[in-house]
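The structures come next, written out as C-alpha cells.
Across the two complexes that follow, chain A remains constant while its partner is chain B and subsequently chain C.
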Partner chain A sequence: MNKRKSAISKDYYGYIFMAPFIIIFLAFIMIPIFNTFYLSLTDARIRPGTWGGDFVGIANFIELLGEPMFQLAVRNTWMLWLFNFVPQMILALVLAAMFTSTTFKLKGTGFFKAAYYLPNLLMPVTIAALFQSFLGLLGPVNQVMVGTLGIWDTARNFLQNATDVRITVIFLQTWMWFGQTAIVLVAGMTAISPSLYESAMIDGASQAKMFFKITIPLLKPILLFVLVTSLVGGLHMFDIPHLLAGSFGNPGNSVLTVNMLMNNRRGAPSLLLGNSAAISVLLFFMSSFVALVVFRLFRDPAEKRES
Partner chain B sequence: MKTANVNYAQKTNSYVMKQRVTKGLCYALLIFLLLVCIVPVYMLLINSTRSTVQINAGPSLLPGTEFFTNWSTLTTLGVDVWLGIRNSAIVAFSSTFLTIYFSMLTAWAVVVYQFRFKRAMFAFIIAMTMIPGQLYLIGYFQYMNTLGLLGTFAPLIIPAIAAPGAVFFFKQYLDSSVSLELIEAARIDGASEFRIFNSIGLPLAAPGAFTMGIFSFVGSWNAFMGPLFLLGANTELHTLPILMSRMQGDVFRRDLGAIYFGMAFTLIPIIIVYLAFSKYIVTGISLGAVKE
Partner chain C sequence: MKKVPILLMLAVAMFALAACNGGGGGTAGGGGGGDAYVQPVAPGQASGDLTVWSFTTEAQVIATAFQGANPNVNLDFQITPMEDGMYLEWVWTSLAVGGNVPDIVFMEADFVRSFVLEPNMLQPLTAIMGEAASVETIPFTIQAGTDDAGVVRALSYQATPGAMFYRRSLAQRYFGTDDPATLEPMFATLDGFVENARLMHAQSGGSTRVVASPTEVFRAFLPNRTNPWVVNDTLTIDPLMEEYMTFAFNLRQEGLDAEIGQWDSPWFDGMRGDVVDAAGNPLEIFSFFLPTWGLPFVLMTNAPDTAGDWGIIPGPLPFQWGGTWLGVTELANNPENAIEFVRFATLDEDHLRNWATGVYTNAFLSNINPNIPDGLSQDAGDLVSSALLIRELGPTIAQSPAAAFIGGQNPYEIFGDAALDVSFGLQQGTDQTIGDAFIDAVDMYISGIMTRDEAIASFRGDVGMAIPQISVN
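What follows is the complex of A and B.
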C-alpha cells in the first residue's frame, strides 16, 4: 500500500516551505493587481490625506479610448517595438546561424556572445545619458560628421527631431536586446540533432536550404518564446524613451509610450490614479490578447498535423 | 584522366576560396558588432577622465587626467554618488538574497514533497511569470501609500520573496539534481526538514543560485520604473538610477565631465559582475530559454 518508506509523512512541510512565497505573493502582487483593476473603475486622485475616489464604472476606459493622446501612445509603442524587433530578430538569427555553423567553425564565439550581451547589463539611465551626449549639438557624432569628415555643413540637432529620436530609441532597444536574443537562439539551435544536417548534406542540400527547411521549423518553439517575451516587454517599454526624451517623449510626443502616459497621469499636475490604472488595464488586455493570438497562430498548424 | 583531376582540384579550390571569403565576411560582421557594443562603453570610461572642454573638443582614445576633478565637481554640485551606491547596494543585495533563498525553498517544496494543489499552484506560478511588474505598479503604488510604506525600501525589497521566474528556474534545476534517497537517509539520521533543505538543498542548487543571483542583482541594480514610483520625494533613499536621472536633467548641461564620471560610477559593479561571470550569464540565458 505505502509507496513511501517513511512511517510518518513529512509532506505537510510542502505547505510550510511554500507559505512565505504564497503570503508575500498574495499581499504584494495579487492585492496590487486587484487594486489596479479596482482603481481603473474609480475617479481616484492623489489628494492630501486620501488617495481614493468614487466608483465611476467604465468611464475612464471610454474616455481613454476616444482620446487622441492615448491612441498616439498605443501607435508609438507598437511602432517602436516592431521596428526594433524585426532587425533584432534578423540579426540574431544570422548571428546564431554563424555561431552554430559546423562548416565555418568560427573561433571565439563565447567571447562574442558575452560581448553582445554587455549593452543589456548597462543601466538604462546611463545608456540614455550617454547617447544624449553622443548625439548632442557638440557631441562626438556631430564632431566627426561636421568637423573631422566634413560630410555635413551644420551640426544636426538629433534630439529635437521626431524621426531622429524615434530611430535612436529603436536603435538603443535593438542594441540592448540583440545579444540576448542571439544567445537564446544559439541555445535552441544547438539542441537540434546534428544528424539531421548530416543526412541533408549527403542529399546535397545547400546551407541556405538547410537553414530554412531544418533550422527554422525546429526552432519554432524558441522563436515563439522570443516573440512573446519581446512583445510583452516591448509593449511595456518605458525606461529608454522616458530617459532619452523626457516624460512626454518629446519632441511632439514622438516617443510617448503607453507606460509613459500612465506615469504622466499619475504625476503632477494630473494626479489621476483612476485614469492611470485604466491605462495599465488596457495595456494588460492588449498585451495578453496579442500574446494569445500569437500562440494560436503559431500552434495551430502543428496541432492539426498531429491529429 | 589528368584533366579530370585538374577540374576537380579547381572545383575544390574555388569551393575553399568561397568558404574563406564567407568566413571572412562572418568575422567582419562579428567584429563590427563587437565595436558597436564596446566603443560606447569605452568612450564613457574615457570621458569620465576628461574635462568638459576636452570632451567638447572631440573624441579621444586615451584617458585624460581630470578623473578626480570630475569627482569633486560632482560632489560640489550636490550629487552624493556614495549615497546612491549605498542605497542601490542595500536594495540589490537584500532583494537578491531573498529571491534566491525563498525561490529555492518554494521550488524545494514542489520537488521534494507531495501535497494537494501542488500542481495547480505550480501552474499558477508559471502563468505569473508572463505578467510584467509594470502592469500593477499603479495599484501597488496606491496600496503602499495606504500602508504608509511609500518612500521606504520595503516595497522594493519585500516582493523579492515572491519571484515566480526564479521559482520556475530552481524547479527545473532541482528536478535534475535532487536525490530523494539522500533526503530519506538524512531523515533516518534524524535531521529536521529545515536542516535537510539548508544542508542538502542549498548546496545542491548553488551553481544555479549563482546564475540566478547575477540576473536578479543586475535587474535590481538597474531598475528604474519601480524606484521612481515607490521612493517618491524621499531623496535620502534614492537609488543610483533615480539619482542619475535627476542629475541628467540638472547637472547635465553644466558639466559633461562630471556626468560622465557619474555614469562610469554606475558601471563599476556591472563591469565587475560582467568580467567575472560572463560565462554564467550566457549559460543562464541559454538554460532559461531551452527549458521554458
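What follows is the complex of A and C.
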C-alpha cells in the first residue's frame, strides 16, 4: 500500500521541479512579452497614478513605418550589423582554423584565445570612453599623426564625421565579438573527427580544400548558431553607438539604431510606452523573420527532401 | 487525476498574473489633488514612516540630519543612480503603478520642471511657503518649483548660480591686472568677451583661448531668452539661440576656443594648465564657466596645484547650472512627515547653517545613524538657498579654503549676488533633451560638416524623434 502510494506521487515531482522555472518564465518573460504586444496597440504614456492607455489598433505601427527617422534607424542597424559581422566571421574562421589545425600545431593557443576574448570582458562604457578620448581632437591618434609623425596637417575630428563614427562603431563591435565567435567556432571544429582530415591528407588534399570541403560543411550547425545569435544581438545594438555618439547618434543620426530610437521614446521626457512598445514589436518581427529565413537557408538538403 | 498538477500550475500562473495587475490598480486612485493643503507635523515631532528616494548621497546627509532632529521617525532612504535614466525610470514607473511609492523625491535641475508640471505628480508646498518668505529663499529656486498655476511644488536647499572662473596669471599677462573689479566690465558683454578673446589670441600667437568650447557659454545664453523652447507644443528657436549659433560659429572660425568638450579629459588638463594641441604646442585656457559646485567638485578636486590662481567675475550673462530640488509625491503615504522633511531640508535655519558650515561631519552623522556609508559628510561652503543665511554666513566662508583658492574672493558674496540675477522661468521639462539636440546641431555646424540650415533641420529632426509630442515644423 505504502509503496504504491509513493510510486504514484512521484508523478508530481517533475512538475514540482519544473515549477520554479515555469513561474519565473511566465512572470518575467511571457507576461512582459504579451504586455509589450498589448501596449504596442495603445497610446499608453507613463503618468502618475495611471497605467496603460487607450486602444488605438495598429496606429503606432502605421505611424512608425511611415516615419523617415525609423526607416533611417532600421537601415543604420542593418548596415552596422552587416559590416561588423562579415569581417568578424572571416577573422574568427581564420583564427579558429589556425587554432585547431593539425599541421600548424600552434603553441600558446590558450594565451591567444584569452587575449582575443579580452575585449568582450570590458564594459561597453569603458570601451566607448576609451575610444572617445583615443579619437578625440587632442587624443593620442591625432597627437601621433599630426605631432609626432607629421603625416596630417591638421587634427582629424573623428567624432564629427559620420563615416568615421560608423567605422568606429563597426570596428568596436567586431573587436569586441570576434574572440567570442572564434572560441565558439573552435569548439565546433574540435568536434569534427580528426580521422576525416587524416584520410583527406592521405588522399593528398590541401589545407584550403580540407577547410572548404570538411570543416565548413560540418561546421554548419555552429555557423547557424553564431549567425542567429549575432543577428539578434546586432539588431538590438545599443550601448556602443549610444555611448559614443549620444542618444541621437549624431553627427547626422549616422549611428542611430532602432534600439536607441526606442530608448528615446520610452525614457523621459516623452515616456511614450505605446510607441516604444510598437518599435520593439517591429524589431521582434524583423529578427524572427530573418532568423526563419536563415534557418531555411541552412536546412540540411536531406531534411528538405523529407518535408 | 493527471490533470491536477497542470491545473495547479495554471492556478499559480494566474496568481502571478493577478498579483501583477493587483499591485497596479489598488493605489491608482490615491492621489486626490484637492484644495486642502497638507500641513506638516510640528518640527521634531515626525513619527511613523517616511520614504525618501534620491540619486545622490548628498540627500542621505539631509535624511540623516532629519533623523537626528526627529528621533521617532522610521526613515527609509533609497538611492538609485542617475546613469542611463535609471532613477527617472524607477520614479516614473513606481508612481504610475502605485504600491511601493516614495513620500519624498529628489529632483535634478534637468528634470525638476517635468515633475513640477506633470499633473498628479507632486503636492503643493503652500503650507510652508510662509517660512520661505522669512528665510528669503532665492527666487529662482522657487521659480523652478512653481507650476503654471503659480503653486509651489518643489523647493531646494541650495542655489547654484554660475560665474566665469578665470586664470589670474593669464589675466596678469594679457591685461596687466588680475583684479576682478577691472576685469568684470571687460567681459560684461558678449562683444567685450569676443574682443578680449581676440586680444589674448593675437598676443599669445594663438596659444591662449578664452574658453574650452562655446558649449560652455551656451548655458549662460539659456536663461536670458525671451521664449522657452516649446510654445503651444511647437518647437521655437528663440532669437538668442540664433545669436548663440553665430557666436559659437565665429568663436570657432577665429580659433578663439580650444575645441575641448566639457568633461573630456583634456578639459581637466586645461584647468591644470597642461594641455597641448595635436601638433604638441601648449594651449592655455583663460576661463571656465562653472557654477557654485564647480569650485569644490571640479576645480579644487582636479587642479589643486592652481590654488590662488583663479578669480571669479559674473561673465557676459547670468546663468545657473545644476542644483537639487525636493518634493512630496501626490501618492505619498506619509504626507505630513514628508512636508516637514521638505521644510527641514530647504527652509530650516539651523539645518541650512549646519549644511553650509561643515557641521555634518561623518562622526556627527554616524552618531545619529551608525549604518551610514563610510565617508558620508557635507563639507563647508555649499551656497544655501536662503539669502538671509548667505548674508549671515558670508564672513565665515571668507576664511575657507575655497575663498583662498579663488585668490581671496568670497564665493558666498559673489554667488549670493549672482543667484539673485538668475531666472528659471523659461525652463521646461523637455529642456535637457532639446538642449542636447541643439548642442549636437551647433557642434555639427561649427565643425563645418553642416550648413546652418542643415544643422537647424537636424536639430528639429532630433527633437521630433526623441519627443514626438512636440511639433517641430
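In this section, the second predicted complex is superposed on the first by the 289 of 307 C-alpha atoms of A that agree within 3 Å, B and C clash if a C-alpha of one lies under 4 Å from a C-alpha of the other, contacts with A are read in each partner's own complex, and residues count from 1 in each chain.
Keep this in mind: a residue touches a chain if its C-beta (ideal position, glycine included) is under 8 Å from a C-beta of that chain, and two chains touch if they have at least 3 such contacts.
Values in this document were obtained by computation on a predicted structure and should not be read as measured data.
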Overlay on chain A: chain C relative to chain B, clash or fit: clash
State whether A:Ile222 touches chain B only (first), chain C only (second), both chains, or neither. first
Should A:Pro48 be classified as contacting the first partner (chain B), the second (chain C), both, or neither? second
Identify the partner contact of A:Tyr15: answer first if only chain B is touched, second if only chain C is, both if each is, neither if none is. both
For A:Thr102, is the partner it touches chain B (first), chain C (second), both, or none of the two (neither)? neither
Touched partner set for A:Ser195, first chain B, second chain C, both or neither: neither
Given the touch rule stated above, what does A:Ile31 touch, chain B (first), chain C (second), both, or neither? both
Decide which partner touches more residues of chain A, taking chain B and chain C as the two options. B
Contacts of A:Phe134 with chain B and chain C, given as first, second, both or neither: first
Chain B clashes with which stretch of chain C: 114-122, 240-248, 258-266 or 312-320? 258-266
Note: overlapping chain A surface for chain B and chain C spans 11-12, 15, 22, 31, 51, 132-133, 138, 143, 147-148
So, in the complex, the side of chain C touching chain A is made of residues 2, 5-6, 8-9, 12-13, 16-17, 20, 24, 27-31, 85, 88-89, 92-93, 95-98, 111, 114, 118-121, 259-260, 264-266, 275-280, 329-331, 429-430, 432-433, 436-437, 440, 443-444, 447, 449-450, 458, 461-462, 464-469
Would you mind writing out the residues of chain B in touch with chain A in their complex? 19, 22-23, 26-27, 29-30, 33-34, 36-38, 40-41, 43-44, 55-56, 58-59, 102-103, 105-106, 108-110, 112-115, 118, 121, 128, 130-132, 134-143, 145-146, 155, 158-159, 161-162, 164, 167, 184, 187, 193, 197, 218, 221-222, 224-225, 228-229, 240-241, 244-245, 248, 252, 256, 259-260, 263, 266-267, 270, 273-274, 278-279, 281-282, 285-290, 292
Write out the stretch or stretches of chain A touching chain C in their complex. 11-12, 15, 19, 22-23, 26-27, 31, 46-51, 69, 132-133, 136-138, 142-143, 145-148, 154-155, 157, 160-162, 246-248, 250-253, 256, 261, 264-265, 267-272, 275
Can you check the complex and tell me which residues of chain A touch chain B? 5-6, 10-18, 20-22, 24-25, 28-29, 31-39, 44, 51, 91, 94-95, 98, 103-104, 106, 110, 112-119, 121-126, 128-134, 138, 140, 143-144, 147-148, 175, 179-180, 183-184, 186-188, 191, 222, 225-226, 228, 232-233, 236, 238-239, 242-243, 259, 262-263, 266, 273, 276-277, 280, 283-284, 291
